[in-house]
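Some structures to go through are shown next.
You will see two complexes here that share subunit A, one where it goes with subunit B and one where it goes with subunit C.
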Partner chain A sequence: MKPVYINSVGSVSAQKTFENNEFLNEITDYNDTVIHVIDPNYKEYIPPAAARRMARGIKMSTVSSKNALTEAGIENVDAIIVGTGLGCIGDSERFVSDIIKNDEQFLTPTRFIQSSHNTVAGQIALGLGCKGHNFTFVHSAVSFESSLIDAKIMLENNEVNTVLVGGVDELVEHHVTTHRLIGHIKKKPIALKELLQSKTEGMVMGEGSHFFVLSTEKSPSTYSELVAVKTFNTLSKERVEGKIVAFLERQHLSINDIDLVILGNNGDVNYDGYYEQLSTTLFNDTPQAYYKHLSGEFDTATGFAFWLANKILKTQNIPDVVKLNAIEPSNLKTVLIYNQYRGENHSLTLIRKC
Partner chain B sequence: MSELKLELKEKIIEQLNLEDVSVDEIADTDPLFGEGLGLDSIDALELIVMLDKDYGIRLADPKEGRKIFESIDTMAAYITANRTN
Partner chain C sequence: MGKGVAITGMGAISAIGDNVQENYDALVSGKVGISRISKIDTVHKDDIMVGEIEMTNDQLKQKLGIPKEDAVSRTALLAMLAADEAISQAGVTDINDCETGLISGTTVGGMDQSEKYYFEYLESDEHWGHINGLHAGDSTQKLADHLGLTESFASTISTACSSAANAIMLGARMIQSGQLDRVIVGGTDSLCKFTINGFKTLMILSDTHNTPFDDERKGLNLGEAAAYLVLESDEIVKRDNKKVLGYVTGYGNANDAYHQTASSENGDGAVLAMEKAFKVAGLDPSDIDYVNAHGTATPNNDLSEGRALLRTFGGNVPEFSSTKAFTGHTLAVAGGIEAVYSVLALQNNIIYPNLNFTTPMKEFTLLPQTTVKQKELRHVLSNSFGFGGNCSTLIFSKEA
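== the complex of A and B ==
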């Protein structure tokens, strides 16, 4: 099977990541329970006539996908694959609210058009004129990884040569209110640099859009090789360690081969134990990093982790702000990302410098 | 009539998300589609729904919209003559 390379990245997040020539040079700290992306100047990327009908998730993804394509030096791809937990939930909410408010009358087309999960992938394809494979994976916290798996299989089997893969989720009012009601969001604002010390329940909710060009051909812009991705919908705390070891063994690797592990700690005292047990046992001697104090938690937050991992490999630099322990890597070649959300939908993603 | 025209301009800007357009920039005789405001067929559907919802006018034949939505002037005249609320 052909190797799969990550040839470019594009990100819009709660940090200023939309400029590819920067790498967390300036950190925005928040003291909140919900954090939004730092908006790029959308007018630089999207004609006003097109932007007026775009939901936030589409705008973010237009920017991050365009940045990824520009960096890869290509204008089109063979396939577009997007992962999203909730799609364009903002327009979905407004569409449903209008149904209730107007007694099922007077429904307008724009909100209907965008009130589906696959709007982002569709809009990107329309913008590019891409008539190839267009797919959207909606699977909670493994939505992005599901997209990566699909892209990897297609590339390895020579079905396509280049794929635009991304993950996107947007924050909207009703969704936040619902998560507050069920106690999934922290009750009190917290300075994000103290996220892991909070020892309180719930997350700091975020949003973001991350896109990557994957290809079977290496290019001057290549960041890394995508070695393996695996997801587990259910996995008890006791079985995580064994699954990671088995995952690495399948790649003929051991824990000692991992130069950096990126963990998805989100400061929720009820579920960070999944990560803490690994930090103190399996990865006790491994350099560790975390990122949800920069991005917030959302279904496709691992898109930020994937962006971070690739940036680290390309720059050979781990920014201090993401370091979870003081161990410095002697070599920075292989990076493992582990994530779960509320004890479910676990994922392992392995990339390697090339 | 001038109040209705102002109201229509505000509604069009708000409902069609014309973020960069102000009320002053829309002349009463400007074409709404094509060269003027540059609205398209999806906007036409939004305007048909607006007529129904806000003025109680249900267009039996959507093709009528072509003449009604020519400009703010034509819209205001049609609404004045046909409104039910």
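== the complex of A and C ==
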């Protein structure tokens, strides 16, 4: 089996991450219950006429995918795989709302077309003229990991040499309103630097788009090697530790080999216990980081974590703002990402400096 | 590549039957499932015909033993019924007895409920249980819970009308690469105002019975369905002495990269998908005994697919037919229900009729098979194409 390398990154998030030569140089602090991306100058990437009707998820992804391709120094790829919890949900919502308000009349197709969950993957393919494998995964918090798994299998099996893999979700009003109703989003604004001390229910919802070029060939721009990815639809608190140990063992690794663990704490008092128990037991002596105070929580927030892990390995620097404990790694080689959302859809992603 | 992946169970529910046997009986007896819509109060009800499943949500819940008041979308209910049948045929008694996965395709997810309560959510908490159902993955998660699948790989693919085909493809890959021992693959979609109106704005809905590959075709009939296959590794087949129904031997996905909703004039993506599938299967076009076409009966699809078939098979296009005149276009499930039909075709050495065909298309001389035909079948090819230029081909075979 061929090794799989992460050769480039591209990010549009609630922090200024769209410049690949920077790494969280300036931090935007929020005090809110929802946070939007910092928009790059879309005009540099998209003709204004096209941009007007374009869903935000497509716009963000045009930038992050282009940045990933540019950094990898390639113009096309063999496959495009995208994870998205909700696709271009803004257009879906507008279409439903128009159906109801206009009693199913005077509708136009654009909203419906962009509602198709695979719009982003399709649009990127169209833009690149990429006729290869084109998949879209829509499974809540493991949408991005499902894409990584699909890409990894195809690369290892020699079916393709380069894959553009991404995760994208956009924040829209009705979705926020309804998810606030059911307590998934915090009721009151919170200063995000105090996210983990909130002791309240729900998360701060964010959005973002993250793309990466994965390849079987190492290049001068290579960030890391993708060692393993695994997801679990259910997992009880009592069983997480055992699953992590078994996951590492399969790679002939132990906890001591992990130089940094990136945890998905989102400040929800009902579910952060999954991470807290690991912080004080299994990972007690491991350097720990977190990120959802920077990115917000969304279905493909782990795209931000994957971006963060890769930037850390490349720069050999853990920004202070993401540190969850004071332990300094003696070596920065192997990074583990663990995530779950509301106790479901757990994922483990392991990357290694190469 | 090499060996195919064993199929050990199948389940299906569509407008022509609540289980696999009923679907097969309808296909060979010419019983169509296309009618006026009865369960959704849409202003378009007199302009469209659909492939609607007879059972109401309450009846589905009763059959599944789910309390009436539980917030479960029709999409998820249909999935449970079909997957239960597949699991039962595969003789799976403990779903967690090996590394089992679930990959489901859907386009609408819980939209059938979301569109009902969209504004009502803001007024009353009565239907808040459906809020999270808007996530397409929620239907898969509920299906996993229903099947008792725990600590496992469960995911959802949404690539429009090729979703279930792609779920089957990924499942086969994950078995071949040793990541899973068993995987339940397929898809589910229910009718809703969202898709009815969406396709209406695209002006590709027929006001009468759809007529695949006919020169006078007017568009598609939407349908609803769920269909799942159980794929198992050779080790599990051997361990449990399983009866194998057929094999997934070839698969290919390619992108047309031509237009967000329309297929290219010459079917570039379709040709590439079929070529990839042949390569994976180690087969030549001449090995294919029957093509279960996508054949939605839209002017664009049937022209593009027809040309792709001619380019791929040259002058020797095998018997082909679209079963959409029976079921309607079941969107995400098309590749799943037609996978079930393809395996049934292999098992029974039967080619299904392409109904409602009278006038050959003027662009070429392709003639679909219009009557039930007995023929020794070894390899069946099934196409599914979707928005976003998504083109998928699966090949099913009697032998690995």
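We take it that the second predicted complex is superposed on the first by the 354 of 354 C-alpha atoms of A that agree within 3 Å, B and C clash if a C-alpha of one lies under 4 Å from a C-alpha of the other, contacts with A are read in each partner's own complex, and residues count from 1 in each chain.
One rule holds for everything that comes next: contacts are C-beta pairs under 8 Å (C-beta built on N, C-alpha and C of every residue); 3 or more make two chains touch, one makes a residue touch a chain.
Since this is a predicted model, take the numbers as computed values, not measurements.
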Based on the shared subunit A superposition, would you classify subunit B and subunit C as clashing or fitting together? fit
Subunit B, subunit C and vertex subunit A (Cα centres) - angle in steps of 10°: 70
Could you tell me if A:128 is touching subunit B, subunit C, both of them or neither one (first, second, both, neither)? second
With both complexes overlaid on chain A, does A:55 touch subunit B (first), subunit C (second), both or neither? neither
Decide which partner touches more residues of subunit A, taking subunit B and subunit C as the two options. C
Subunit B versus subunit C as contact partner of A:9, first or second or both or neither: neither
Please work out whether A:138 is in contact with subunit B alone, subunit C alone, both, or neither, and reply first, second, both or neither. second
Between subunit B (first) and subunit C (second), which, if any, makes contact with A:107: first, second, both or neither? both
I'd like to know which partner A:243 touches here: subunit B for first, subunit C for second, both or neither. second
Regarding the shared-chain residue A:336, is it in contact with subunit B (first), subunit C (second), both, or neither? neither
Smallest separation of CA atoms, subunit C relative to subunit B, angstrom: 9
Could you pull out which residues of subunit A sit against subunit B in one structure and against subunit C in the other? 105, 107-109, 113
What residues of subunit C sit close enough to touch subunit A in their complex? 42-44, 102, 106-107, 109, 111, 114-115, 118-119, 121-122, 125, 128, 131-132, 134-138, 140-141, 144-145, 149-160, 166, 170, 173-174, 176-177, 179, 193-194, 197-198, 200-202, 253-261, 268-269, 272, 386-390
Which of the residues in subunit A end up touching subunit C in this complex? 80, 85-87, 92, 95-97, 99-100, 103-105, 107-109, 112-113, 115-119, 121-123, 125-126, 128-140, 142-143, 146, 149-150, 153-154, 156-157, 174-175, 177-179, 181-182, 184, 230-235, 239, 243, 299, 344-345
So, in the complex, the side of subunit B touching subunit A is made of residues 15-20, 38, 42, 45-46, 49, 52-53
Parts of subunit A lying in touch with subunit B, wherever the complex brings them together: 48-49, 51-53, 102, 105-110, 113
